[in-house]
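Note that the chains are named A, B, C, D and E in the order they appear, and that numbering of residues resets to 1 at the start of each chain.
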Amino acid sequence: MPTMMLNTPPLLQAHQLAFARNDEPVFGPLDFHVAAGEALLVQGGNGSGKTTLLRVLAGLLGASGGDVQVNGKPAEREAIAEHTALLGHLLGHKGELSADENLRFALGLYGQREGITRSEALQQVGLAGFEDTFARSMSAGQKKRLALARLLLVPAPLWLMDEPYANLDLQGIALVNQMIEKHVHAGGAALITSHGAYATPAVRTRLLELTHG
Amino acid sequence: MPTMMLNTPPLLQAHQLAFARNDEPVFGPLDFHVAAGEALLVQGGNGSGKTTLLRVLAGLLGASGGDVQVNGKPAEREAIAEHTALLGHLLGHKGELSADENLRFALGLYGQREGITRSEALQQVGLAGFEDTFARSMSAGQKKRLALARLLLVPAPLWLMDEPYANLDLQGIALVNQMIEKHVHAGGAALITSHGAYATPAVRTRLLELTHG
Amino acid sequence: MASATARTALLALLRRDLLLVWRRRGDALQPAMFAVLTITLFPLALGSEPQLLARIASGVIWVAVVLAGMLSLDALFRSDLEDGSLEQLLLSPQPLALLIFGKVLVHWLTTALPVLVATPLFAAMLQLDSNLYGVLVLSLLLGTPLLSLIGAVVVALTVGMKRSGMLLALLALPLYVPVLIFGAGSVMAASQGLPYLGALLVLGAALALALVLAPLAAAAAIRIALS
Amino acid sequence: MASATARTALLALLRRDLLLVWRRRGDALQPAMFAVLTITLFPLALGSEPQLLARIASGVIWVAVVLAGMLSLDALFRSDLEDGSLEQLLLSPQPLALLIFGKVLVHWLTTALPVLVATPLFAAMLQLDSNLYGVLVLSLLLGTPLLSLIGAVVVALTVGMKRSGMLLALLALPLYVPVLIFGAGSVMAASQGLPYLGALLVLGAALALALVLAPLAAAAAIRIALS
Amino acid sequence: MPGVPVNPIVRWFHQLGSPPYFDGFARRYAPWAYGLGGALMLWGMWLALYQVPADYQQGNSFRILFIHVPAAWMSLFIYGVMAVNAFIALVWRIKLSELLAMNCAPIGAAFTLITLVTGSVWGKPTWGTWWTWDARLTSELVLLFLYLGVMGLYGAIDDRRNAARAASFLALVGIVNVPIVHFSVNWWNTLHQGATIRLIGPSTIDASMLAPLLFTALGTKLWFIGSLLARTRTALTDLELGKDWVRRQLGVPR
């Protein structure tokens, strides 16, 4: 499988992107892009606007200036929905559904990536044997892993990951990096926020620094 | 000011302390103590029972076995209330009250330590000038700092701190360590939980490892 | 890539929500319980005089149903919001209005339907004339989905707010009033031997309209409320 | 060390809670608004026939007050639980029952009192006989604190739960029934020229008892529910 | 164990409190209680239907009394049992008492429902209405809600032991309703008839009706005991699933 497609437009391109709340800028005009086959690391201190940026890119918040292109076209809802998958602070599991049922629902909404089954995805994130465990009775780390399995299963090539390392112990952090490496090498891309205290994945990585205010 | 009082009983002493939820042990029988002038670091992976241990020690949960002594006497509600202050996952601020009003309420409940005023405490945690800011419009780091100011103000000598470093950037982490050092050198004590990825304060520290299950 | 169609998405949603209701089946009957309790309070407050009760029976039942429906509204999107799956719905490549329609359907099935089934019991408790059962049930059958649909729009507007319970009531009740007037009015009319079909037809027409428009409005409202 | 006494703690709590009510004064009037809306629904559902309305007026007002009180109960400890300040209350070296008494007092002042003040309005809306105002207000004055106190015990039991709204209603209403019977009963009796003082005396005695016992019971319940 | 009690009865209670012992006890005696209770109820019903003469006022409709009255008694009796267990559970934190209290609730709710249904079925021919809001009927309905509230609260909390303690507390608070149900006929004037059957002193009831009533009353008590033992045993096994004695019993190798 090719690792990069240089003659295609970048998966995500932001031009002079800005967001303001009550006319107070949260993050300034930003220019950046994420191409297939690479990762973008968004770093910044508390309250510097990382989460906000991800939500703007996912289309949950409207930007106050600038524009975003997805796969070369202006970011309409459909284009975003097709190309991106968000791993936010809230994982979106139902406590009363089992791991497998949670994944089934996600696939019903988003469709399924080729060449991987639900049980394979669970195995890859280290949840083999947890198919029938209710999400409620999983530990914080296991819940995070279940959300990672969802990313593996849905067809979107661009992963928007907000603090994927939070709440995970050292083993879990290594797993995330491994996943990102594999995804990026297979032609996907990832946008990752972090406080900066963790090891980053071993892929072609660009850095975006957000400063306060 | 004396740094240690060796002929007094330890502030906190646990003997064969255990807790079980639905008859499943969360943490096993533990023996440990915290004396004035020292810190105890509780380490363990996700779900190993750190938070639960702190809540048992604070008297919010009943232990399923063993016993706890506070200042040499069996841990009754009054003794615990007088000797300990808890910094939990939830900080206990009211968003619609200002920093100063929040502190005033805490002092009304707990009483006030001698030799420190509210504005001095705010200054020590780096919130000088934020007296009249609503807790709601503070950043996560500032909220945490406000909770730390509360610890400085109440008279309890033993601080139970659950993940005091979480959500803080590098500067904030240094502040917490500084606070603990000062408190311990003045004859206080602290019990701190941590995932183990952060620097610890430079005081006489004992380590308690919690293993899973 | 097996991309999901709107149909599979709707089915997946219905499947999931019904499964959740089943797993928390204790909660599912609570709106009906609430209606029972409200209806129980009235004879207690008014003293038990059969004629008086019979006169106000249909009105009390309708008010109880409206209140119960309104109170259970709050839960329509709350748990999805709290655990982040509402975000996942918003981000999916499916028409949001359709997904909301699915959620309202499950809400009606699990909150209004039990109340409907219990109507004979309520009617007996309040000594309602048994000739009026038919009209009462018909009016509820047309009116309750309308309440659910209108309610969905209102909840969608308040979805991101804390402590929205009371605000919700405040916003929803004025919109519920016309439904109540026509619904309870039809039974009242029937009890006095007046024609009641007109009121029912109005309810039916409103329902048809709401079935189409309410999910669209709710979808728009939810996007506004969450951004 | 300036250690806090029970009195300073109670004062600090009252000060804080009243300040919070003031800062969110929009919410404070919502229970009263809810009662208004419920009372408004009745003439709409029943058709506006003066005699009928007058007969059921006191009953409807009482039911609306009970429902409004019950719905606002949920908020009694919820926000304190969510932001962790309930834990701080539990951990403080003060008698918890006293602190709970303070919270109930503020709850009553901000939810029941506005309803009480609005009673003449309600009575006018429902064409209640003006001779009955006195008894109605007196019964509400004795009954609503009782409702708040009983309610506090029930909320305390359900405090740690998600989605406890409906369960709360299920648990609280049966306990509210006697209050309602005596409260609305006294007005009913007065309207028929029967002696009504007995019912009011029962309410008063129950209130005296609840003032002492309910805070203690609620304190015990909250410790059970949160452990 | 510190200070083993000497009194044999107290010792037996202590033993019974241990889950494995209770499990054996319940397994042994529940079928007996069921069988004996069922037989007594059937016999009582046979007497009631075929041996008791028709009432000169009510004809045959009064025969519903033989279901209504024992069920009504049980609805109150079980609440008492539940409250006693709830008290023990709260004060001494005995796991078995928690489970006993919690498993009383559904049985009690069932008997209360039977009382309400048979009462209103009987009410139609005698009072001319299915339901009125007098004190006896209302307080019995409140009793049903209390049972349901206990069950709902128990179901709504995740941690089983906390749930049991919270629901036990509610059960204790609700006990005030029991005397209200019982004495309501004396305190308020109601449609419902007053107490006619006394344990002490002369009953104002026909002697031919007494025997079947006593049989069904005893039968329901035994049936309740059987049902309580069986339910509690299941709940106990569920709660102690990880424990050795359960594994041994289910034949799961360690």
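In the analysis below, contacts are C-beta pairs under 8 Å (C-beta built on N, C-alpha and C of every residue); 3 or more make two chains touch, one makes a residue touch a chain.
In this text the structure is predicted, and so the values were computed from the model without any measurement.
Peer 1: Between C-E and D-E, which chain pair shares more contacting C-beta pairs?
Peer 2: Taking the two pairs in turn, the one with more contacts turns out to be D-E.
Peer 1: Using C-alpha centroids, which chain lies at the maximum separation from chain A?
Peer 2: For chain A, the chain whose C-alpha mean is farthest off is E.
Peer 1: Could you put a whole-Å number on the gap between the CA centroids of chain D and chain E?
Peer 2: 33
Peer 1: Between chain B and chain E, tell me the centre distance in angstrom, where each centre is the average of that chain's C-alpha atoms.
Peer 2: Once rounded, the distance between the two centres reads 49 Å.
Peer 1: Taking each chain's centre as the mean position of its Cα atoms, how many Å separate chain A from chain C?
Peer 2: 37
Peer 1: State, to the nearest whole Å, the distance from the C-alpha centre of chain C to the C-alpha centre of chain D.
Peer 2: Spacing between the chain centres: roughly 27 Å.
Peer 1: Find every residue in chain E that makes contact with two or more other chains and list them.
Peer 2: Where chain E meets two or more other chains at a single residue, that happens at 138, 145, 148, 152, 156.
Peer 1: Can you list every residue of chain D that touches 2 or more other chains, as numbers and ranges?
Peer 2: 79, 167, 170, 173, 177, 181, 227
Peer 1: Two-or-more-chain contact residues of chain A, please, as numbers and ranges.
Peer 2: none
Peer 1: Give the list of chain E residues in touch with chain D in this complex.
Peer 2: Residues 90, 138, 142, 145-146, 148-149, 152-153, 156-157, 162, 165-166, 169-170, 173-174, 177, 180.
Peer 1: Can you name the residues of chain C that touch chain D in the complex?
Peer 2: Residues 27, 30-31, 33-34, 37-38, 40-42, 44-47, 52, 55-56, 58-60, 62-63, 66-67, 71-72, 74-75, 78-79, 162-163, 165-167, 169-170, 173, 177, 180-181, 184-185, 188.
Peer 1: Where on chain B does chain E make contact in their complex?
Peer 2: Going by the criterion above, the answer is residues 21-24.
Peer 1: Please name which positions on chain A make contact with chain C in the complex.
Peer 2: Listed in rising order, the residues are 58-62, 78, 80-82, 84-86, 88-97, 101, 104-114, 155.
Peer 1: Could you list, by residue number, the parts of chain E that touch chain C in their complex?
Peer 2: 129-134, 138, 141, 145, 148, 152, 155-156
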